[in-house]
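Each of the next two complexes has chain A plus one other chain: chain B in the first, chain C in the second.
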Partner chain A sequence: MIEFPDISPAITELWLAIAAMALLLIGVVRGDRATRMVVWLSVGVLAVAIWLVWSDADTSVVTFSGLFVADRFAAFAKVLVLLGSALALVLSLEFLERERLERPEFPVLVVLATLGMMIMIAANDLLSLYVGLELQSLSLYVLAAFNRDSEKSTESGLKYFVLGALASGILLYGATLVYGFTGSTSFTGIAGALAAQEERSIGVLFGLAFVTAGLAFKVAAVPFHMWTPDVYEGAPTPVTAFFSLAPKVAALALFMRVMLGPFGGIADDWVGIIGLLAATSMVLGAFAAIGQTNIKRLMAYSSIGHVGYALMGLAAHSPGGVRGTLVYLTIYLAMNLGAWGVILSMRRTDGKLVENVEDLAGMARTRPFLAAAMAIFMFSLAGVPPLAGFFGKFYVFFAAVDAGLYLLAVIGVLATVVGSYYYLRIVKVMYFDEPAPAFLQPAGATIAVIAVTAIFTLLFFLFPAPFVAEAHLASLALFP
Partner chain B sequence: MLIQFIVFYVFAAVVVGSAFMVIAARNPVHSVLFLILSFFNAAGLFVLAGAEFLAMTLVIVYVGAVAVLFLFVVMMLDINFVRLRQGFMQYLPLGAMLGAILLVELLLVVGAFVVSPEVDTLAAPMPPVEQQSNTHALGQLLYTRYMYLFQASGMILLVAMIGAIVLTFRVRTGVRRQSIRAQVARTRADAVELKKVVSGAGISGSL
Partner chain C sequence: MLYGLIVFLPLIGAILAGLFGRWLGDRGSHIVTCGLVTASALLSVPAFWFVAIQGNTQIVELFPWIISGELEASWALRVDQLTAVMLVVVTSVSAVVHWYSIGYMHDDPHQPRFFAYLSLFTFAMLALVTADNFIQMFFGWEGVGLCSYLLIGFWYHKPSANAAAIKAFIVNRVGDFGFALGICAVFFVFQSVEFDAVFEAVPRFVDTEIEFLGTHLDTLTVITILLFIGAMGKSAQIGLHTWLPDAMEGPTPVSALIHAATMVTAGVFMVARLSPMFEYAEFTLMLVTIVGALTAIMAATIGLVQNDIKRVIAYSTCSQLGYMFFACGVSAYQAGVFHLFTHAFFKALLFLGAGSVIHAFSGEQDMRRMGGVWRMIPMTYALMWIGSLALGGIPLFAGFYSKDIVLEAAWGAHSGVGQLAFVLGIMAAGLTAFYSWRLLFMTFHGHSRASHEVLHHVHESPPVMIVPLLFLAAGAVFAGMLFAPLFVGDNHGFWGDSIFVLASHTALEEAHHAPLWVKLLPLVVAVTGIGTAYWMYIARPELPARLAEQHRELYRFFLNKWYWDELYDILFVRSARAIGTFFWKKGDEATIDGYGPNGVASRVLDIARRAARLQTGYVYHYAFVMLIGVVAFVTWYLFIVGM
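So, the complex of A and B:
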């Protein structure tokens, strides 16, 4: 007989699950009119969840018979994910109302996806990893197809579903191999079994490769990135914004925990794989985005490139590398959120949303504030000092060089130079091209999000210490 | 012991017989019904083996959901099964060859298979079936050790349900629904109008 487990470390997950069901009930009873209320309530629920995580961040416990772990690393990643989800919801409200998509299930699905990400981040077992991943993915498939009357949105949902199911299958296959050759699904058990083996069994390596492939699909790293541009283009724009924020952070956090936790002892075997994923992602992200005219596709390739930089920190497999990736993700979240805020404001005065790079032409004259904010985000995404994006890259490059991955660092720098071209092209289109018709004034909430993220991106260099210190503490949790 | 022996062979014979009929029946509805029969008898075999949880799951999931769904599909889609079977003889050699290869492979696998000497301790039910039933033991694990995963799986099913509704539910416009309240509240004054018909002018003129 097993004692009833201690559920207090999972208080955030419980809160999100119960709140999601309550929000669903409100939505069902009040109907579509309640969408606005449910969106704001969901933002409140996520804000409370941030407080719950942060008030109990300084713990390190394993509960639910070893299925669940709460430590500083999890707390850091959870706060990032919750922030990303909440602010993506704030950005989505105007879009939902203007495109007649006001359905209360939208915020509920975002909250449930966030719950899945919480479970992923807190996973300490291959089983909880998979369950969390599926909860998150299933919500995301539905969100991608949310605009069911649009052919593109349905197509993107279906594509994402079919390829995502395939990736889940690959991941599960790898998990069974790892279980078969180590005799345990728990991360601590796997690490122990691997440490006890004198000779590395080929089965574990195969399992590791399959698990890596499945996770690489979820973070959209090359060569498992094919779905990204199509899904990002077809999904409703606020959903695309959400896709590029919270799920990326959650999947990368999970990636780091899996690689450094159970497989930390055999790092020599996977550093090459991760390094290759990082290098190809950076290069493809830089080159493939050049020819894009649709800004959503462009941002999709940009996000593939950024995943490459974030994986570089993992390839360094040191506390410094994890710290670099966490700082990188924090900054990526801020500047990407702002950029998506501007993209969601690209609405002509007749109410039509446009999404081509040319449509931004001359925005500096029609909407100088938006253009200035977008310029900040683009310079930051390109990695121009002293904006925040530069510091994100600085920490991961530093960790890579520290770990002796010189080639990877050189590829990263070169990819940054190439990538700058298309970020700066957007700035050029906004500031030097003949003005296109003006955009509508965005909603107050959107402006607030853009302003806050722009100020963060602009002034990060004045106060990087608290973030870096927090990320440093979080990274130490993965290296006991 | 003899009774168990007889019951086993009855169940086993019916399973094999109905499984054969699934592919031999001309009418697809009969095929599905034979499939259900074979599921039921397989469930009986599980009960004989002391795995009552598997037996219940087989009946509830396979008979209750899968086979009924299958029956619906067979009835709803007008598939000409006779035409599907055309060319059966033509492909028989190829099919027989594949079957033979599969048989050889199976024999090889079974021939090379060695039962682990630890199987008695590894595969034995814990605690023994006499002390605790499968269902009880599974429930005890599911609600304690794997409670977290059990609840999380519940959330996944909730998402699946919300997703199915979000993606398919439509409010139809122009549908007239019966409103009992309105019907009951109708008075004679709303429904009947008295008209004075002028004699010789007919009803149409006065309405």
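So, the complex of A and C:
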């Protein structure tokens, strides 16, 4: 007799799945007019999901025959993902309405992608990992090409799809190698098999190399980042904002769980690889962004750089490192959300959305509030104390130095210096250049998101303790 | 309390006018600064009575200032006879100049600032003369230097004023460096910077040696020479005098107060104050005498041919400072300070009178465009005569008493340098008389060379400018005859312990027994000088041009001020510029910037461009890069396993 699995740990995922179908139904029945309602309903659904996750955060259970895990680490990452998705939806509404993209599929796809991410975060087996990953990726491919009348948008969707398929193939190939040489797809099983092996198995390492490559593609770490600038630039701006938020968090959470869970025992072997990914990402993110004139492209490189810093915490392969990465992701989420809010507000009075750095010229005089908020985000992204971004970097650098990764820390600091240039250039353009035509007043919801994230970024240094403590508890879940 | 008020009242005035001048307005700033400085001047009269006449010298401890290891400096007011004399000079001339400035500066838009600077200067000068230790003296020393800089450059929109201010500051830096080194040496040798402690210890260090610049030198000689270099800078002695004529770019009251009566005499005051040290350093005294004598004659020769009315008086100041120094050099400090005292009155009178002339000529300073106006401005004319008579050393006027005693003391020293100083001093006295009357004749007599329009506006100055001059004129007439018996008379009791002279140095004593020809000679040359001036500028006005033509080289040499500025320009300015340019262009821009910030920045841009070029847009390129990444990972693991 087959025992029915305990579904209570997966209640959030089930809620999202059912809600997504219900939302789709509403969209189908009511048509495009329902977009606004569906967006707000989706935000509500995600808010309920946050509550569901948070109300049962303090657990550590495995269910669905070991495929699915719910622990504090998962809860922390899930809350970040849900917050990112919900706020990205809030930011996107105005865009959808103004650009005549009012289709209820948009919020539904976001909810489905979020569901995929939830499964990724909760995966405890190579199979559930892949299922979650694909659910997320397929939704994202569609979202990238969402503006199907735009050549750039469809191109970016196609590029993302082709390369994503390649990455999935690489990941799957790695998974089969790992299975072949350890005899298990379960994370616990793999960890056990590796611990039992007397000497290192070349097959498992090969498999790990491919798995790492596949995951690196999802987080867009160098050299698997090539899709990012093109997709970020081509996709509709709210989609780009969404790409840079929730999926990053989910993929990094998954990355950490895979590397520290099943392969935690052979950390000494992969630290070099992760360190290399981190270092090249930080350096390329810093250098390549300098020449960019398109702010979406610039933010793409910026996100590559930030992934590098986040990976530094993983390279430290310690609770402190994981804590650092989680704090980093929290802060990254806030400041990026705000920055994208401002970018989405770059709409001229004739309704045309602009996306070049030069278009921000003199914004300090035409829209002082937006300019001040953007300046806060830019200073924070550059890592200037006492803004939040500085603390994010501080914790990961601290963990890296603690783990003896001095070279990596030095590269990180130097990359920060180079990176400051293009962040501060935006501030300079806003404050010291001759004003370009003014922007439209952004929608109230957008202003609210910008204001909240700006205040968070500005005042984080006053109350870092609850976040750091929570991240610390979450990180302990990966080190039983 | 009394002394504290004298010193700090001007500071209060400076703070009020400086910080709140905007609210006080011009009139309010006048009242505050002039009132407080005048109060200070009035209070210095009883102070002079108590201290100098009744002999109640005292040291008023105010508060500890610097305590660091063995270095202890308190803020204290040392009030003895020397200080009392200086207090009277500084506060009275300052008060007069303050009042005069109300009239002189009446259309300047920045009057509160001007009066704040003047009062601040007065405070700094008072801090200098009341100093009880080297550090406090240095404070005052630098304070007056700063105010001098600020006031020379008061008309900051004039490039020449800015250049003059900077020049004054930099040249003084050379002297101040010597002074600062001297103070360091004093502390190094004596372990104290208090005057009393140092003076008390000086006799024990006679004939000791100190290692300086790798050689062993006489301790006291080294220290006193270093200190004297400071005095040379501040008092514009030969070599470091070039800033003083240029400082005439400042407003005329400033020239009168700072660059004639008070600040420039700080060097003389310092040598007199430190007489217990200088007395034991024979070599330094010789040096002081020679420098003073050379300055006296050099500045006098330059003064002969200058055409700017203020520059003539400036070189005259320089020359008279030389007199004071060689008086100190032959150990007749009393005579030096006496000359300082009388000089303050008549030189301030001359400067302010010149200011009145310039005022009358609508800002013209070139004597070649003046003349023939003595009937139109009779008061100014009379006052200038009094000033010139005092400067020329005509009997009964102040300068006669002080200059004669200085020259007689030089003769009375009976030493080689003393004789040299006497001869040069006599020559300079003749030249002084000549250029003083040349100034009078060119300015007031003959045919007017001013334009019709300027001439039309010539007018007597307002009472607020003339009345202060009357006070100075009284000083120029009576200061000599009243104070000569007291300051340099046979009875040496006046100075008490404030000036120390070794028993073997008897120049001043000998001066009283100088033969008649020594006493008469200065007067004879002065009258000759006046006669020559009359002959050349009234009787035969075409003569000077012919003379200049005949002695072309000499004339140019004097006119170009002995080419000091040109020499310094070649020696220091250009070479420093060349070195600076070398380090700037080759060192900083080419090397440090080239390989440092700029080099790094351009490399960053190169890398950024290359990184961006990787992004071709072709999917197969991207996929290829991904595969390279996978290969790299696999290689890495193979490498690990191989280990």
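As a convention for this text, the second predicted complex is superposed on the first by the 480 of 480 C-alpha atoms of A that agree within 3 Å, B and C clash if a C-alpha of one lies under 4 Å from a C-alpha of the other, contacts with A are read in each partner's own complex, and residues count from 1 in each chain.
By definition in this document, a contact is a pair of C-beta atoms (placed from the backbone, for glycine too) under 8 Å apart; a residue touches a chain by one contact, two chains touch by 3 or more.
What you are looking at is a predicted structure, and each value in this text was computed from that prediction instead of being measured.
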With the two complexes overlaid on their shared chain, look at chain A and say whether chain B and chain C clash or fit.
fit
Is A:R200 in contact with chain B, with chain C, with both, or with neither (first, second, both, neither)?
second
Which of chain B and chain C A:S65 touches, first, second, both or neither:
first
Who does A:L208 touch here: chain B (first), chain C (second), both, or neither?
second
Quick one: is A:W54 in contact with chain B, with chain C, with both, or with neither? Answer first, second, both or neither.
neither
Which partner chains sit in contact with A:V162 here, chain B, chain C, both or neither? Use first/second/both/neither.
second
In degrees, rounded to a multiple of 10, the angle chain B-chain A-chain C between CA centres equals 150
Touched partner set for A:Y179, first chain B, second chain C, both or neither:
neither
Once both structures are aligned on chain A, how many angstrom separate the closest C-alpha atoms of chain B and chain C?
21
Interfacial residue positions of chain C with respect to chain A in the complex:
604-605, 607-609, 611-612, 614-615, 617, 619, 621-623, 625-626, 628-630, 632-634, 636-638, 640-641
Chain A partner contacts - residues on chain B that touch it in the complex
140, 144-149, 151-153, 155-156, 158-160, 162-163, 165-167
Chain B-touching residues of chain A, taken from the complex the two chains share
1-5, 10, 17, 21, 24, 64-65, 67-68, 103, 105, 108-109, 112, 115-116, 119, 127-128, 131-132, 134-135, 138-139, 141-142, 145-146, 148, 157
For the complex, which residues does chain A have touching chain C?
159, 162-163, 166-167, 170, 200, 202, 205-206, 208-210, 212-213, 216-217, 223-224, 226-227, 229-230, 269, 272-273, 276, 284, 287-292, 418, 421
